[in-house]
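Input: a single structure, listed below in structure tokens.
Each chain carries a letter (A, B, C, D, E and F) given by its place in the written order, and its residues are counted from 1.
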Amino acid sequence: MDLFVRDIYPLPPGAPFEGYFVVEHVEIRKHRTGEPFLRLILSDKTGTFTALWWKPPKDADLTIFKKGDVVFVSGHVEYFQGNLQPKLNVIRHAEREEFDPEKFITKTRFPIDEQFLKLLEFVESVQNPPLRTLLESFFYDDNFVEKFNKAPAGKTIHHASIGGLLEHTLGVAEICETIAKRFKSIDRDLLLTAALLHDIGKVEEYAVDIAITRTDKGILLGHLYIGCEMIATKIREIPNFPEELKTKLIHCILSHHGEYEHGSPKKPKTLEAVALAYADALDSRVKGFEEHIERELGDKKGWTRRHFAFEVPIFFDGEFKYEEEE
Amino acid sequence: MDLFVRDIYPLPPGAPFEGYFVVEHVEIRKHRTGEPFLRLILSDKTGTFTALWWKPPKDADLTIFKKGDVVFVSGHVEYFQGNLQPKLNVIRHAEREEFDPEKFITKTRFPIDEQFLKLLEFVESVQNPPLRTLLESFFYDDNFVEKFNKAPAGKTIHHASIGGLLEHTLGVAEICETIAKRFKSIDRDLLLTAALLHDIGKVEEYAVDIAITRTDKGILLGHLYIGCEMIATKIREIPNFPEELKTKLIHCILSHHGEYEHGSPKKPKTLEAVALAYADALDSRVKGFEEHIERELGDKKGWTRRHFAFEVPIFFDGEFKYEEEE
Amino acid sequence: MDLFVRDIYPLPPGAPFEGYFVVEHVEIRKHRTGEPFLRLILSDKTGTFTALWWKPPKDADLTIFKKGDVVFVSGHVEYFQGNLQPKLNVIRHAEREEFDPEKFITKTRFPIDEQFLKLLEFVESVQNPPLRTLLESFFYDDNFVEKFNKAPAGKTIHHASIGGLLEHTLGVAEICETIAKRFKSIDRDLLLTAALLHDIGKVEEYAVDIAITRTDKGILLGHLYIGCEMIATKIREIPNFPEELKTKLIHCILSHHGEYEHGSPKKPKTLEAVALAYADALDSRVKGFEEHIERELGDKKGWTRRHFAFEVPIFFDGEFKYEEEE
Amino acid sequence: MDLFVRDIYPLPPGAPFEGYFVVEHVEIRKHRTGEPFLRLILSDKTGTFTALWWKPPKDADLTIFKKGDVVFVSGHVEYFQGNLQPKLNVIRHAEREEFDPEKFITKTRFPIDEQFLKLLEFVESVQNPPLRTLLESFFYDDNFVEKFNKAPAGKTIHHASIGGLLEHTLGVAEICETIAKRFKSIDRDLLLTAALLHDIGKVEEYAVDIAITRTDKGILLGHLYIGCEMIATKIREIPNFPEELKTKLIHCILSHHGEYEHGSPKKPKTLEAVALAYADALDSRVKGFEEHIERELGDKKGWTRRHFAFEVPIFFDGEFKYEEEE
Amino acid sequence: MDLFVRDIYPLPPGAPFEGYFVVEHVEIRKHRTGEPFLRLILSDKTGTFTALWWKPPKDADLTIFKKGDVVFVSGHVEYFQGNLQPKLNVIRHAEREEFDPEKFITKTRFPIDEQFLKLLEFVESVQNPPLRTLLESFFYDDNFVEKFNKAPAGKTIHHASIGGLLEHTLGVAEICETIAKRFKSIDRDLLLTAALLHDIGKVEEYAVDIAITRTDKGILLGHLYIGCEMIATKIREIPNFPEELKTKLIHCILSHHGEYEHGSPKKPKTLEAVALAYADALDSRVKGFEEHIERELGDKKGWTRRHFAFEVPIFFDGEFKYEEEE
Amino acid sequence: MDLFVRDIYPLPPGAPFEGYFVVEHVEIRKHRTGEPFLRLILSDKTGTFTALWWKPPKDADLTIFKKGDVVFVSGHVEYFQGNLQPKLNVIRHAEREEFDPEKFITKTRFPIDEQFLKLLEFVESVQNPPLRTLLESFFYDDNFVEKFNKAPAGKTIHHASIGGLLEHTLGVAEICETIAKRFKSIDRDLLLTAALLHDIGKVEEYAVDIAITRTDKGILLGHLYIGCEMIATKIREIPNFPEELKTKLIHCILSHHGEYEHGSPKKPKTLEAVALAYADALDSRVKGFEEHIERELGDKKGWTRRHFAFEVPIFFDGEFKYEEEE
């Protein structure tokens, strides 16, 4: 039976276990006799432990295991200096069909299908024809939607989960709707279109496999540029899409990080662009705080450690309630 | 009849006019004969013109008119080098009862009474007893409410109008409500209380008379500190107000500018504080953009000049619609 | 005969003159009689003067002249308070064919054809087939080349002249060639391709007419993004252009301003990108200093005023020699 | 006998020892048999060592020891891999009366009583009646004085010791006195009052127990705000305290960190405020350098490591002499 | 009789006047007849006025008057549009012996001789022989002392007066003495030497003539570097000056602006350097505030305009008392 | 035979080895018996390992080995927990003549002699007599040249190798030559002289022994100042060296880091200074990237870790080719 790391810890010494884990670190070491053995750090999303492949067969190729591989292992529980450090009997690469990737990465707790229906309601509320066509060219395209619904909105800072991009996109759209009601001079259709598309570049910036990683392309170009190129390509296929509208929409996407130092090559210079930038900041910052609290405190109260990006420790003495839809 | 500046301009040379104006600038000059005369720049909220008190009575004290005074003048339209520059027959200080201060300062276009009722609904939605008591100690106090409903939320940057503070407070509360619905871990009552009180220090930071000015106290202490002291004083009169709750509330107020360089002595360190700071930024920035567009472009489209605080020019090619309540 | 402003100044009062000028400022004023007249500020690249259309025909529409128009005027030299301020007999809009636009904007002093041949030598030195094809798709396209050879590389900061983009592109390519010789690990073909294409977005960022202006699109999107979209579009038409090569090339363009605060959404992260960014900085900064010296000092020596972008005054006690090709 | 950590190190293996220590870290581990044992890191102000409670009684509750507790332990000296790592026979919580808190925290080397007398001389030199009354309301209040004289002026950066607040307050007052003698336009009584009260918020920002820690309130509100609220509360009880004087005094306190990024919501805007801010910087920076040298170099000369806040290493080749009063 | 500008203003139209003034601005203009005349702006330290040389002799060379020249003029008081604008009968260059330079530049109000004696007391208090020798090589050198005692410590920011350098040097030395008494680990002789020499580069950075100007050398190299080179040169002539002591002294001078952005190539890294940097900041900032108040408010109370370097307006409601020595 | 660390690793357990190594860390530990032994970390430029002097003679003084010492050791290969950790038979201080310092520090791969000849060609190309004399006073001085040719241009950031200063100086000179050809207004001789001398202060800033270290003087004064003082001293010995030329040259050196925050007390304010600053940045940044790639990736491709100073990870998928001269 495939155990989680957190389920192995309570087992008594000597108990057998098996499971699929990601290799976090691997090292070939030598016994004093000069015979090699393998020292591994293995993990899933619930924790980490060290394991030793103490007596590999003479002809085993120890160099085939690499950081990031998923392996199947079996062994017996054992402690060294008080730490779990079993010796393994078996270790082999796992085939992709054998294990559930969700063992390794968290997933949004919102139901994805329901959320996507809500997003489609926003799409269908857009009246401006070229904008509506553009939105449909993305959100009625099954290939795109499949990638979009799985994508995270971040690796560590906020919405770092499968479905995180969908969750964040909805959060931003809700705030933009609130703003558009109060400020009538805003072009509501443009703002909502920008909100729904603002982070689509993340489907190519991040790769979600056993972990969320940033692709080479993602690091070199970033989701702002990638998203704009995706939009520009689609627009080229829509007859008579107004040039000025394209410029204003792409401006919203390019500038939505608000400041140069956050990677926007332009600062927001239209009502819609400034509304989008601040709505994005609001949703992602609050979510980032919440994830940090959850990660750091679990059920406890008090102070987290300093957040690596927001540069403050966070105080929380409430109850951690995950958002549920009424 | 009291004319606006914009109504004097179309009058033909020689036409009589009269009205109340603010003295923007005043200078005593001399005729070549050595006789003194007065050169004034006069304004109301619609514009500015130069006037000369060309032949004051021998015994007139020319030194009594000062920048900021409201004066009553009468004269005939006259041009010099193509500019309106009438010579005045009469100039005297105006009594406060004679003129309507709204000739000199703009007012929120939202109906203040209706807006205040909405605000009271927010007050009454707060369930937490000490927070509710605290809110009532402000918003059920007629003296305070009178000042609050007249106060601006700024001098130039955003909501620079009579009633601007009320308008902005509601805008922030609406966004906070949206956020509190999505993020259930937030203490909704604390967040709404903080939203409703976050800028109350502005009733002492700004003086609204003929123009919006900042008081000495406002410049030296700022509305963050002033508001906190106001809240701390009220809390001292509420029996058993929990010390921790006071700390968390005051932290929200102190940190709501988000960054040190915006004048917050603390960065937000709780979910409620971070939500408030970003909601405040969102409402005030969008409003600030809108006011800048209105001031700069009027009915035209295109680019404004660079905004002195946001440091960008703003592009607007939509229709300027003022928010109306459906 | 079409006179330059600098040629009108030395004429004696009463001398007739005529010429084509740009309207910098226009105002309708009224005589004391109530009759309207026009006050204009007119300029060409050699200077500025004020003119009055003192007695327009009764049925003339004074509202048709706007900032930026080119007008033909004739009149006689006249001074007011020591300033040149002629009254005009004739003023009318000029047709585009009547005047030479170079009366209004400077032009690179390098011969454009010769420079472009040098640029083609760089193109032909590129061995990598897809990069070579890409370069040819731009520089063998007559429509593009016509725009490229006229474009400036800036409005005020550096290479603010017709042909300035070509001049700057060559300057950067020369430095990159020097660097590629010393650092053999650099992919020389990639670096040169990036150098030749790094600023092509400027053909859409700037409009050169009577003056260099930035287009709406230029202000909202910037030449970094525009250039990348142009390249991505061309690449889509080149069969089998390697995806990784595209990513590395676009990374060079996106990051060539070097720092976030200079409008790059990504910092340089490859050898080629860092070399391009610093080569671009070197050529544009030295040129910007030189243009500032020329503009400020003419033939004199000593200190310029503080440069508005580089934030220093510049000291020059040499001889100003324009680059000549041996 | 209660030993300091530094006194245990020289003991031979096998020697018995006992003492009171703070728990820095605690972990429950398991023997290979599955039996639990406790691994602790213990400290006092002279050092740190690891200890094992190797064989706790079967019925012992190992979860009762927590970071920050003071415990009494006894055992015998033992080394593991060259590090002191004794196994303990006894471990129990210590009662507050049993140990001397000064074992755990340093104390100003100035005699507190003498220093406080000097401070009272400054108090008594203030002639302005309301300011004098205000100062007396603090410094003639035994409860306040007891807390004030024990408080540190920092946790790590400067004056991080019992009595550090008193020492720093005097240092700042001395410099202010020097300044007030040279600059006669300064309101000397206001400046001295501000100097004496500028950091009183630290009596609530820091808790001094076994270590100097920052309280929740301290982290959320900071000593600038806390001090101002303390002063405002006292002033409310002083009849006819001039409002303007209160504003100027509180401005000095609020702005004494000088810059926004150091946590002042206002920059100094009066002569007194600017003098206080720079006097505070001078005393605390020099003291911070000195403490860093003492901590890092002891009796040695040369370079310290980079100071975590001042961001430089410090060079010292003098003799470390603690301030003595002649 | 040589009149100050402030003494001409109250004269009746037609009254004769004469005096020495600096040319701030000069322009050759033409009468309508084509005859040239000269328009000048003239000033001394009390004010500014416009004058016209209306009818220069036919053969006069109008190009010989330049900005910065001191001229002798005579004429009769005349007003144009209410402004003083006399026509001159006589204008000629003034010889250096004719006028008192103090008509054009302010001077420290401290008696220079007395101040210099105080400075010598500091010199003589230094016990360390090589440092004492070094100090004497400057302050016993009459040529140097003459320049030193006249030099300003700034052009606009602080101590911008003849004798300002001496005044500031003493102010810093007094604070350093206070600090050295409290912090015994400081090398008092090194600190005082550094204090006395820290700004000597200003004798070459500024030129005091009719106005305080910065020399080319001053702008290109700065007083930090110039002062260090002066010290290094003197030290080369002192036998056996310890190399380490030289390094520590020059480090104090190089780093005394405290931060890179204030032009120090090194941050302070010794106790003496950090004490000097903060003492310098304290004295110069308070003095700069005071000068700004004096310049802006004169005898009035309230707010100055924003200080161009400190970036705040300053509030002053005290009495402006210049420092007097008891 | 003196082995490199990388040559010991492949030896079988039990094999004898010997060699010279630098002591990186040393600790005296105790056996459980109380007997002391020595634990050392030893290194050369190819790697690092731990060694134990397990049984030192009773009378051995274990305190004589210090960080930075070069020692001769011999022992047999042994592993502990899979790590190389031999016990030593012999350890003693090595005499300077015994070992080759290049075992410990890398050296430019360019042939130094050839490079220096190229540098002399640049020297001889300078026509301006005083500049030529100045250059010769350095580069024809054997003592100076010996130090110059060995000096590194950095400790870690770029050109951190013996001969690195020479290599970097040439790289900068080549770029300056390219720039001087394009921009004829530049004083080519001044620019080349500044290029050749810009970093000479590094011969005193760094000490190259067993490792590159920064001297006390280097940390306290920096190579900008040190170099300028060296130049000023030489110039004092050259009769009639023009004062203005000296000022302009020293300005180039002082300002060549370009920005205050990079340690330049002045920003570049001449054409030559700005060209030098950007040429220096270009050469050092590209070299720094290349060294980081080499250090991090060796023969591999992909991403380096984040560079500690440039703050980006670097992507490299080319071939690492060291520059060779054709």
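The working rule: contacts are C-beta pairs under 8 Å (C-beta built on N, C-alpha and C of every residue); 3 or more make two chains touch, one makes a residue touch a chain.
Here the structure is a predicted model, which is why all the values come from computation and not from measurement.
Between chain A and chain F, the least number of touch steps comes to 1. Taken together, chain D and chain E share the touching chains B, F. Fitting chain B to chain F on CA positions gives a rotation angle of 180°, reported to the nearest 5. By the residue-number overlap criterion, the interface of chain A with chain D counts as different, with under half of its numbers used by both chains.
The greatest centre-to-centre gap from chain E, using C-alpha centroids, is found for A. By residue number, over half of the touching pairs seen at A-F are also found at A-D, the match among C-F, A-D or D-E.
The interface with the greater number of C-beta contacts, when C-F is set against D-F, is C-F. Chain E and chain F have Cα centroids separated by 44 Å. Averaged Cα coordinates give chain C a centre that lies 61 Å from the centre of chain D. The set of chain A residues touching two or more other chains comprises 216, 219-220, 244, 248, 269-270, 313, 315.
Every pair of chains meeting the contact definition is listed here: A-B, A-C, A-D, A-F, B-C, B-D, B-E, C-E, C-F, D-E, D-F, E-F. Chain D meets chain F in the complex at residues 12-13, 78-79, 81-83, 303, 313, 315. Interface of chain D with chain B (complex): residues 216-217, 219-222, 224-225, 228-229, 232-233, 236, 244, 247-248, 250-251, 254, 260-266, 269-270. Within the complex formed with chain F, the chain A residues making contact are 27, 29-34, 37, 39, 216, 219-220.
On the chain B side of its complex with chain A, the touching residues are 171, 174-175, 178-179, 182-187, 244, 248, 267-271, 274-275, 278-279, 281-283, 285-287, 289-290, 293, 310-324.
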